[in-house]
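For reference, the structures are reproduced in the following blocks.
Two complexes, one shared chain (subunit A), two partners (subunit B, subunit C).
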Partner chain A sequence: MTQCVDGFKHVCNSLFRCFDLEIYKQSGGLGDPELLARETVFSVSEIEALYELFKKISSAVIDDGLINKEEFQLALFKTNKKESLFADRVFDLFDTKHNGILGFEEFARALSVFHPNAPIDDKIDFSFQLYDLKQQGFIERQEVKQMVVATLAESGMNLSDEVIESIIDKTFEEADTKHDGRIDKEEWRILVLRHPSLLKNMTLQYLKDITTTFPSFVFHSQVEDT
Partner chain B sequence: MNAFELISTSKGLNLGLLFEKQMVLQVAPSLYMVETRKSGGDTLEFHKFYKNLTTSLKDIVWKTIDEEKEGGTQGGINGAVVAS
Partner chain C sequence: MENSWFQKGFKKIEEPKSPDSMIESLMSDVHAAFAVQPMCYTAFDLISSLAQGFDLSGLFEKEERSGSMFTTKKEAKEIVSKFEEIATSSERFDLKKINVGVIKMEDRREGRKGQVAIEVEIFEVTESFNMVEFKKSGGDTMEYKQFCDRELKPSSKDIVWKWQGN
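Take a look at the complex of A and B:
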């Protein structure tokens, strides 16, 4: 009997390997809007409206119901020719399945953090991970410099290395209370609570108005009117 | 100024851009397509803006999509094909 089961398992494994791409590929689609609404800050209508935006972005280059890196760059910068350290970090953080593409669930869950009603702790966490380029649990001085240089390059602003170093010095003086040359989660938290404007880009007012920006979700709504 | 204040001005960290509707696609090395879409607000104002834009770009705009089709611009997509 066990031999039959093993044989069957073996056949199944071979079959699955043949269909590797299909089985392990993430499926597009809205999924369960009510589940997503329960587990995010969004209402069901907001989830459905968000899906309209997702469809638009995810069909720009390959119409497969998934957002790849190029489509994400296109949506953000309106051109497919721009590389960005920050867009890469954001994409990586959205991509919780780590497979190089964003399904709607990943998209909605990540954007939930940016909703005006999202808990500030989520925003603090997300921003910390964003700036922790090497993902070692600390924001190191070298990472801050890399980000400052990237920001300046993008805007065409020119600051001397001296000035850049002095800006970072002052930042670390204030933030690095443990004086270990890096900013940990606790120090980051204290810094942003003292300077809330540092979290300004972690809130998107657009998300509050999303049902009016994408009213066509009504035509595709899967949910009963209550 | 705080280093993080500076960093947070970066375009790549401004996800509000996902909601903005203007698109510039590089179709070929010297050919760009600009899509302008009204997402809300006064239609008349938008038309004034659009007419102004296309008149100013007259010299480098080959053809607007409005000119290709007949009419049909009730707050829909207005497009222009532009040579750089």
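Take a look at the complex of A and C:
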């Protein structure tokens, strides 16, 4: 049955490429750059440049115009042999359709949050969701511990359980102002506003220069950038 | 010598001493003059600094980045001593404290774009676990990179536990 569906998808994708449709394509294509520009902080030319990056990443393993998890890992770590709880978490947050692959629209919408001009509330929200492993709407002590342990393991370091517990104790002392053993969105927001460096990974300066780094040769764009 | 930081605890040297003992007395003067109190680090700081998966700049970079952050089991005092040592043996860099947990190494010489300056920040995660981050705060990037690759990184090996990204 799945072979049937895959075959059908393959035929469709080939058909679309055959006819080079300008109208809204399946997630394997650029889609509607003007719509994306309206709904993200990117300009149309930035969307087109971003698409060049997307094409590069999505063709690394399977050239199907979609980013699978392996291609994502490859792009991030320059090796696909690196398993990472955090890369998985980021991928899952990008994958708003929850189908295990990233289309360009998902890619662009997620990266929009990382733009230097994106609203800080979006960044605070996204980072909260990153840490909220079980997606319960709050960050539990157990989740923090899991992430600390994973971070140390991924970096090849180990610390005694005692030390790890003391790090988390200190963190919760500061962050968990309601003293309920978990960090909710409000507490997270307050913590982040006090420690802005916690959001440093939520801004990618590279996105500001993306039209220079990834020049796009799409000539049908007639929209004037403001 | 005019810097008051230097004068505190300073004993005027009457006869020439051996270089080693001069460095020793210099070190103790520096420690007496200031203590670097490391900044406190939450679990989230630790995760966001070390977890490569959370850092998407890899999507834009062509090669693996050379690290400018490392973890260490040494105390802040030893970390500062190590950077003092590096500064002294470079015979061109001076070390000074600029803030809590932040020290600066500045080249006495003028480079292509002014004096190369490096800011080193120490973050305390626990008493026996610190994070050290350094970055260029002045001067030409190539010259900064050269100094890092040729002197700073090799010389700091004995205090480094793990480099970020390795």
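The rule is short, and it goes like this: the second predicted complex is superposed on the first by the 188 of 226 C-alpha atoms of A that agree within 3 Å, B and C clash if a C-alpha of one lies under 4 Å from a C-alpha of the other, contacts with A are read in each partner's own complex, and residues count from 1 in each chain.
As a working rule, contacts are C-beta pairs under 8 Å (C-beta built on N, C-alpha and C of every residue); 3 or more make two chains touch, one makes a residue touch a chain.
Here the structure is a predicted model, which means the values were calculated and not measured.
Colleague: With both structures lined up on subunit A, is it a clash or a fit for subunit B and subunit C?
Modeller: When both complexes are placed onto subunit A, subunit B and subunit C end up clashing with one another.
Colleague: With both complexes overlaid on chain A, does A:53 touch subunit B (first), subunit C (second), both or neither?
Modeller: both
Colleague: Could you say whether A:130 touches subunit B, subunit C, both of them, or neither, answering first, second, both or neither?
Modeller: Both partners, subunit B and subunit C.
Colleague: Pick one for A:163: touches subunit B only (first), subunit C only (second), both, or neither.
Modeller: In the superposition, A:163 touches subunit C alone.
Colleague: Check the residue A:144 against both partner chains and state whether it touches subunit B (first), subunit C (second), both, or neither.
Modeller: both
Colleague: For A:81, using the defined touch cut-off, is the partner it touches subunit B, subunit C, both, or neither? Pick first, second, both or neither.
Modeller: It touches subunit B, and subunit C stays clear.
Colleague: Per the contact definition in the header, classify A:195: touching subunit B only (first), subunit C only (second), both, or neither.
Modeller: A:195: touches subunit B and subunit C.
Colleague: Superposition on A: which subunit B stretch among 9-17, 27-35 or 63-71 collides with subunit C?
Modeller: The segment of subunit B occupying space taken by subunit C is 9-17.
Colleague: Going by the contact definition given at the top, which residues of subunit A touch subunit B in one complex and subunit C in the other?
Modeller: 53, 57, 75-78, 84-90, 111, 114, 130-131, 144, 147-148, 150-152, 154-155, 167-168, 170-171, 174, 191, 195, 197-198, 200-201, 204, 206, 213
Colleague: Applying the document's contact rule, which stretches of subunit A touch subunit C when the two form their complex?
Modeller: Per the stated touch rule, the residues are 53, 57, 75-78, 82, 84-90, 111, 114, 130-131, 144, 147-148, 150-152, 154-157, 159, 163, 166-168, 170-171, 174-175, 191, 195, 197-198, 200-201, 204, 206, 213.
Colleague: Which residues, counting only subunit C, touch subunit A once they are in their complex?
Modeller: Checking each residue of subunit C against subunit A gives 40-48, 50-60, 63-64, 71, 125-126, 128-129, 161-162, 164, 166.
Colleague: Where on subunit B is subunit A touching in the complex?
Modeller: That would be residues 1-20, 22-26, 39-40 of subunit B.
Colleague: Using the touch rule from the top, collect the residues of subunit A that touch subunit B in their complex.
Modeller: Going by the criterion above, the answer is residues 53, 57, 74-81, 84-90, 111, 114, 130-131, 144, 147-148, 150-152, 154-155, 167-168, 170-171, 174, 191, 195, 197-198, 200-201, 204-206, 212-213.
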